[in-house]
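The chains carry the letters A, B, C, D, E and F, assigned in the order they are written, with residues numbered from 1 in each.
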């Protein structure tokens, strides 16, 4: 099997899509094909609740264009925007990059931590919704913007390094690096526990899921939609809802 | 104070908007003004995860048109679609109809139940996300469609009546009736515990919030967005993200 | 409807009752009547577990005098003393001032904090019992007595201000000010998130509940007592237990 | 050491006090002295929330009479009425009969069940408050009154027997028999798992605590009250609050 | 990379080891090498708590023989016996077959169920320990022994089929088949949701982990032992503890 | 009744067994007989996950020698190694020293803390597994080895004293001293809340359990094994599994 995996950004900044696609290609097994795509509309970068909600539509609109043409989808956005909706909508496996890193983290130690840029509240909710709260040692929000990451990578890496130290102190035995901007930073960091990159973890997990060949659920809240009416959506998305 | 409240549907079926607006007017105090609105695009009825995710954009698009012109917003959709995003985006109080009914239920007894049409999984997640799981006695999904409610109201009411019985048996001391289609059914039902209608609870809660006059948060994940870029969104929505 | 609301203190210090009644009148809608009452016996101020347990009797003894003559009851005591017992006993809605502030807090942000004077353990238990623990960002106990509040309001306000800062740092997006002594302090405080006063929240919530006109439960643990025998209680309280 | 243990009823039915005292004497080690007492005022039998709240005062009033004269106190009431308040107030160990049976149950198997007469909601809350919910397999409320127990012991025992079966089926590996009326029933019952009587467990646990000779806490919410003012309480109770 | 994976049984029945190895070979990607091994001592089949505790030693004794010679280890025992100990002890990734199936289940739907032969209590504890309880829809214990599976596969499959039905009814959107004896049964079963086999899931997850090449933790409770003394253990195991 | 209690070490350092036996004799009631024993094989001291898993076998091997000859067993190891397995295997009550101290702690205050030497993660898991997490105020790992305790008792006691202070600050109303090395330290420590020694608590709890005379469970996961086959185990242990 030579799976074709879609790296789907949920914001409209094509540069981030490219960064994630490159990381995905580095992580992919020989024979895995990586394609990448960016939504037609939505927020430039998802930083708040409203943007995350709006981006869900842009992402599903994008996925509808690729439905049936890919063997798996990795949501290349640290909020795992619209993960459950995408999973329901598509006929193939879908994983979120933060979800994937957390699932791998669960195999590395007792409890894990997560580092991101900015506020942590939405990540706390995301991990709680996944049910991972009992295994969460802590969340650290590094006070830096993506712009600062580009302007002063060493300075920001020092902040991340400090966050690693305090999470390990607090019992983290693996650490999820949340956000695309974290990806390039790993080689600047030293850690006594595994650092988990969502894109790499997501690609490997998708390869595993493609290998398992599980059937699409026909019951429950992840069964594909059928006969659902809508208006004002793209033909591809409306067609998927119709079933 | 004479608050102006927006009853905002999240699906595109104007008839449901009208039903909810009428219920809201019955519940409103003298002096409260009720306006109602329906999104420009999105699913006709929200019944699955994908539709709920898509509807979030349609709803926020709609709310952006009314931002600043209303004193409070009630999400007239039993999934409380995009509640946290709407709350962050708007300068006025926002409540969801299921959220409101649950908050009132918490003042009526020890644990409460919820009845809806169809599957209950998304409601279980919603209530868990709100943190209400410790007070939840049970969820009951009545196997009926909105169409059946219209065609055979007495037959469906009998099914709901049975669900009430089994939830009370399971310890529910108040029962939330989830979904607009439930609204008209209350007079056909007998229950030894309070039955809570989301529209009525939402209107009263919004009146209370308007009366309190709390300031908009300036910190945290519900502070208004500022300087957020986007593309392909309506001018009103893009402007709100810009701040 | 012109509801008559009882502000019921649970300790025997009439001055606190007056303070709370005044705050309730400021919060009440036009047409809402506020009456206030103080128990005949019990602790002067509730500061410990034993006092809280004893005060429950004094409070219910007091409520029995007013049963049937008021449309709603607000427990004007930050421990919400005997809330569930009062709710079971009376034919009208009953809310606790801390319960009310927490319910409103749930509509303001993701997680909330609570500030009180002295130890926080009893409040942690109270909020856990209500099921609010998943939404609690933190509890702060300001080391000051009610006497110090009167003697040095500015100094104590500075301590409260510091507690606000640390709760917001810890993720609180709304803050409940626990205790009557906190009430007058709000104008001395600056906060980037809503500060919630239990008396104001309680009055508005009771007005909402009176407006909803929900029936008294006839089943479950909040149904009115019937045929319960007792000795040594006031005639009014004994009569309520008899049903 | 020859401990003197007080069996303290929380309702005013002296016959129940006698039953519990007799059961305590059967369970006590040689050398343990059992004394028993009944409150001066309060509900005849605690069956509802309001009665439980009122009984707290009667119980603490009673305990104040014995403070300093006994080495340990067993609350002989299945609701463990005012347990934390009594524990704070008295200089000696205090345990509740249901608490004691649950603590012993935790040493007998993975999860345990509880059987009582009437509604189970207050017991669910009690066990949740104790933190035992993760170890609770189920609660069973046998539909019988204490009067029926006396009138038809065999018939009621058959109902209890059925409840045992369904709890074991649900995973209970030990079963707490809640309520004094259960006590005499044990010999009529057959169970494949240990049946735990609160009076016997409480007496043995108190003997253990007396043997350990732990100091009274001087910090936290269980430190003895000091300098607390009150009015209208018995001299002994007021004196304990004064410290 | 061509990983060499050890399928490690924790009981001493070599026939089960062979069954699991064959299943692993069917699931493995081309290039993955599967080796299998059986402990020298311990229970024939793990069916109780005591056997599971004893088997931990036999398993670690076995793993010590292979430490350094394999790239990953799959515990081929549905209790995931000594998973955390093995993970700490070995320099390579270790996963348990039930753990692996559950991790994959988390990517398939909202909540999942688990079916096993015999009692479910130990599995409930295992999944709770992993932190998966919030995502667990239910556990079903099919009343059949491994012997019955061999003697009457169709009859037992009918029981499993019924369990699938009741778990799906209870909200399971994916189902873990627990135990080696379940493995061959999948083709006899029909299910509207994915059925997850622990051996297949474990092999794919190990391939993913080997591909990620994460470093061994040097801090926390999963860091390799160093300088630990022992007596009476096999030279290989004692040497690993010495570090 | 004159119970004979076995103090069973789970590591192979006889000196620790002796220390624990001496502490048990000091705590025992007149008439209680204390015997002590050390496993034939296993780790010298249990400090890591792998050692704890291996020690389970050594401990059960040891207990099998004493099965039927003692009235109760106290696991004299702070990890309560193989507690559930031992409880299933033996015909008499079994308690773990940390379990016992925690159970007593639950009767002393609202929430308790635990102090140990080294890392706390395994203790956090243990207490979570017992279901005590809701009552846990905090865990403190004092950075000292057993060797340092012997070399510099006053210095280490100062560290423990500091840990007591910070746990009390964090809300601990009782403190469990975890580990045999803690035992002798109590007289060097001052605390405003009870300090609980696992050996003393375990002996008193076992005396209580022996006094209750509860039957061995015949159903559930703690029923004695029957007909279980094994190889390579000691005759006594193999015989117990056979039943």
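Just so it is clear, a residue touches a chain if its C-beta (ideal position, glycine included) is under 8 Å from a C-beta of that chain, and two chains touch if they have at least 3 such contacts.
Bear in mind that the values here come from a model prediction, so they are computed numbers and not experimental data.
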{"item": "Any chain in contact with chain A as well as chain E", "value": "B, F"}
{"item": "Distance-maximising chain from chain C - centres being C-alpha averages", "value": "E"}
{"item": "Per Cα centroids, the chain farthest from chain B", "value": "F"}
{"item": "Listed chain pair A-F, A-C or A-E that repeats interface B-C [over half of contact pairs the same by residue number]", "value": "A-E"}
{"item": "E-F or B-D - the one linked by more C-beta pairs in contact", "value": "E-F"}
{"item": "Computed distance of Cα centres, chain F from chain D, in Å", "value": "27"}
{"item": "Centre distance in Å when chain B and chain E are each reduced to the mean of their C-alpha atoms", "value": "44"}
{"item": "Chain C: positions in contact with at least two other chains", "value": "84, 87, 110, 121, 125, 128, 134, 171, 173, 220-222"}
{"item": "Contact graph of the chains (line, ring, star, complete, other)", "value": "other"}
{"item": "Touching residues on chain C, where the partner in the complex is chain F", "value": "120-121, 124-125, 128"}
{"item": "Chain A partner contacts - residues on chain B that touch it in the complex", "value": "12, 40-45, 47-54, 56-58, 60, 82, 84-89, 119, 121-122, 125, 128-129, 220-222, 225, 228-233, 237, 240-241"}
{"item": "Partner chain D, residues of chain B touching it in the complex", "value": "110-111, 134, 171, 173"}
{"item": "Complex interface listing, chain D residues touching chain F", "value": "27, 29, 84, 87, 93, 95, 99, 103-104, 106-110, 130-135, 168, 171-174, 192-194, 196, 200-201, 204-205, 207-209, 211-212, 214-215, 217-223"}
